[in-house]
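Structures are listed in the sections that come next.
Shared between the two complexes below is chain A, which pairs with chain B and chain C, respectively.
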Partner chain A sequence: MQARCLGRLKKEAEDIRNNFDGVLELDIKDESQMCWHVRFRGAEGSVYNGEVFTLQFKFSEDYPIESPEVIFVGIPPEHEHVYSNGYICLSTLYSDWTPALKVSAVTMSILSMLSSAVVKQKPANDAQAVVWMKNKSPKKVNWMFEDDKC
Partner chain B sequence: MENNSSDQQQQQQDQNSSSQGAGEQGQDQRVTMTQEQLDEFQTQIKLNEDYQNQLKQEIEEQMPFISELTELSVLKHEYQDNKFELCFDQLATRYSKVRRLRRDGNCFYRAFLFQVFEHFIHNPEDPQYEQILKVLVGSKKDLMDLGYDEIAIEDFYDLFLDEFKKLKTIAKAKAAEHLLKLLCNKEEAVYIIMFARFLAACYLKQNAIMFEGFVGDVAQFCMREVEQVDVECDQPQIIAITNYLGLGVEINSVRADGGIEVINLPEEGYSGFRAKLLFVPGHYDALYQ
Partner chain C sequence: MQSQHSNNYEDDQDDYGWPDEEDKEQVSYHHQFDNDEKRQLEKVQKLVELLGCSQDQGIAIMRFFKWNMDKLQNEWFSNERRLGIKMGIEFDNDLSKKFPLTMQSLAHNNQGYCMICYGQFSQKNKQDNMSCGHQFCQEDWRSYLSQKVNEGFQAVQSKCPQHLCNMVVPHSYFVKYLQKEDMKTYMKWFCKAYTDDNKNVRWCPYSGCDYCVEYQDYGESDVSCKCGNSFCFKCGSESHRPCDCKQTETWKNKNSAESENITWIMANTKQCPECRKPIEKNQGCNHMTCKMCSYEFCWLCQGKWSEHGQKTGGYYNCNKYEELKSKGDVKISKDETSRQAAKNELDRYMFYFERFNNHDKAEKHARSLRPVIKAKIQLLHEIKKYPPSELDFLDEAINEVIKCRQVLKYTYVYGYYLKNQKELNLFQFLQEDLEKNCDYLHELIEKPLDPYLDTNIVDRSTFYHFKGQLINYYQVTRKVRLSS
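Here is the complex of A and B:
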């Protein structure tokens, strides 16, 4: 499985560099290429205009059959579906993941989720949830998705 | 064909066991929990998860992905004193053997592919082979026309197409051995079954108008019920993949009154190969004469 996974990641890295130049910035953090950082800027006209965010993607060797683990690192955006620990409540990252998705598509859907926010606000249960999620992979949290976006 | 399958129940159990989540944190009694109580609660959940995983592993170890040819009477024996027991007498008038499939959500796809591939190893000159090859070659473009990303689908496409082309080179006597190897593992087989799922999704999306009355939003249905590994297959997916490839299935569905209902897809006007399947609510096996 690992050879396939690495082959796929190589293609995805090219995809980001060739097709998302100036929008997404890829930083491959790990020698074995299984940990990526993807930086992007909050969209013009949105409440995050100009702010820079970094998503961390951790891939298992079963990627893309298994979803990557995706969180914000650094300062996460203040958004009702993003917790202070960087965890993101978005169904496509968990129960709705399909191997037809890819890193650029996931990042663009998170950017779109941010762009549709009209006000900056943390999730209502942020403080408790962050304690609850301590030492737990976001993929192990039993998310309750409230709408199409979360 | 009912939806209350044992495969789904297994998944449901898995979901239930995988803890309380962020979504429930707003409840008042949780707010008063101490860190110690939270830790204790998490330990319990972890134990529960481990137990579920162990059960799942035990099921996996007991059942191969695809069994050797087995006498149908073995199945009848297992359904002794069950409302479906008599169904096997009726089935035995037309079939004598069965290949049993692991209950992992992929049973339909694995059984279907096994029989189709087996048919073309045994009948390499069947004109349907070239027709299907042509459809498969064109499937990458079909998927991309629907908005699938080339890099997201091509590994699945390449492997499936290569293996389909290879069928012509397999000795007939080696058919079962070859296919048991190809379709029974957690590597290539996952990719091959995944591509079969993409093909079903392709037809569903191309013909969304025909399906939306049954499955609701077709894109959502494909994402949740077709394109995910280990999500089992219902009639819309079967109609989709058989129509897309131009193949058929004969589903022998057990009835509560002890009879067998034969469901042919496509129903009529088709004379090509049909995979012969047994359907017991929630599960498919492959039938042999």
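Here is the complex of A and C:
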């Protein structure tokens, strides 16, 4: 187990508990600490106002050099960049990942992505895409990022 | 039978009578990786002296302008700052305003912590940063760059680990942090970035060849690769002299459009003009000898081979297409005339295609002969103790055959598109000359070399005679080939 990964996750957990109290709720799912659930509420004034969503982060030993695998678990928000299997089309999670990013920053940028939506709407190719993605890690999907927000 | 081929042979082996034309086709070549790095850095060094910039900046600038100095000099000086930001050698200060997050790993904001491992900087865990100021510990730089390199070629464009920072990681950082295998991989990408972007460098198109060719002068478009093959630098495909790239492409497209007709030709195996037994061509040259009746003929025109020699007055017509003339006294309807015209056009195309294809096959045959000859050279050296320098001519000869076949192939494409009759006549004369000599040469080199390996034969004069003949012919073909 890489010391870097563990040391960092420990500090990130502290950061979330100390600095995002009442905004992000952290639930470490396993003993090895490599799977996290982060719960948050849809922003006030947005179309998701009050709804509760859960993001799952799976880390590898090479985190944060390697990006975490991030998906929605439970009921995902209805959004044009979120598929009904919970996969998220956001370049920051894949090609634009950098090791200076962190769980809180990723969660906040997903929250802001949701907040900017005007209508609740599934991706155009949702049903088809969910079939393609079956048994494939979201990190192995060939994402096409349509715009900066995506 | 062979004696007719030796008409130009002179006994003095060292006086071949032709100036060495080899220089004309040699263009500098170099190896895939080792030298690329040096060449690349030499060019960068010139820029470093010109601009007074660092080597890292020089590499980034050269890459951005795809190693084109003219473009660089036109655009760089008026837009230094804007371009510097774009190519990632100058930090975009607006980023800190637009994205406060990018500030967190700056020295005055990070409280002495590395924003990757969250470990505190110390003597043991030293920090390092590019000119953007985003600090990370050295161990993380190493891991970060190692991961990038193993992700692929894009590694050469890796950015600062700080999210949203525009700075591109310079060459010297990879050199500083990468070790062993990672460094090897990086150098592969580093060289690839040069060869892929540089308009003056092309990979040799022949399969199995790992060399690339760097080209300096745009005058002549054919280049020779170290592997012995030559190719067109402009379009990157095999040499197609005397055709230009456009003509070559048109021809290739026509061939695929006519593929049905071509299949028909291929399906028709030829018969011996004498005894009518089917004959298959499995050698390179056009001189055929029927196994059944020993009749010697030309594969292309089916005429007697003896009529192809220079001694018989040079009757050689198999490279000239003659339209079948309709008899004047028969009344022909309009329909009939256009049908005839279409048929003539197809016949004409078939005529040229068959010859093109014939040389193509002969070229492939000669290529397959190359390793055989290499092995024989080795044996002649080991068994008969000929010094290697005395055996080079065999290698030269087979390479010459390949080059001739390649040129001949495309002379038929050129001829097909040449509409001016006067030019065509002159052209066909040259073509004929080359075709004849190439056939002789090909026939000579195809002969088994085993008799010269016989240890019971002490007399070497037959070998030297053979050598003289070969050299004589390849000097002739080279001269004809390069005179176009």
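Structure notes:
The criterion applied here is as follows: the second predicted complex is superposed on the first by the 149 of 150 C-alpha atoms of A that agree within 3 Å, B and C clash if a C-alpha of one lies under 4 Å from a C-alpha of the other, contacts with A are read in each partner's own complex, and residues count from 1 in each chain.
The rule is short, and it goes like this: a residue touches a chain if its C-beta (ideal position, glycine included) is under 8 Å from a C-beta of that chain, and two chains touch if they have at least 3 such contacts.
Since this is a predicted model, take the numbers as computed values, not measurements.
Of the two partner chains, chain B is the only one that A:V141 touches; chain C does not reach it. Of the two partner chains placed around the shared chain by superposition, chain B is the only one that A:A129 touches, whereas chain C remains out of contact. Contacts of A:Y83 after superposition on the shared chain: chain B is touched, whereas chain C is not.
In the overlay built on the shared chain, the residue A:G7 is in contact with chain B and with chain C. Among chain B and chain C, the chain that touches a larger number of residues in chain A is B.
Using the contact criterion defined above for the overlaid structures, shared-chain residue A:K58 touches neither chain B nor chain C, since it reaches no partner. By the touch criterion stated above, A:R41 is placed in contact with neither chain B nor chain C. Residue overlap on chain A between its contacts with chain B in one complex and with chain C in the other: 4, 7-8, 11-12, 64-65, 96, 98-101, 105. Interface of chain A with chain C (complex): residues 4, 7-8, 11-12, 62, 64-66, 92, 96, 98-101, 105. Of all residues in chain A, those touching chain B in their complex are 1, 4, 7-8, 11-12, 15, 64-65, 83, 87, 89, 95-102, 105, 123-125, 128-129, 131-133, 136, 140-144, 146. Residue ranges on chain B touching chain A, taken from their complex, read 15, 18-26, 30-31, 35, 38, 42, 148-149, 151-153, 155-156, 186-187, 190-191, 194, 198, 223-224, 227-229. Within the complex formed with chain A, the chain C residues making contact are 101, 104-105, 115-119, 134, 136, 139-140, 143-144, 147, 159-164.
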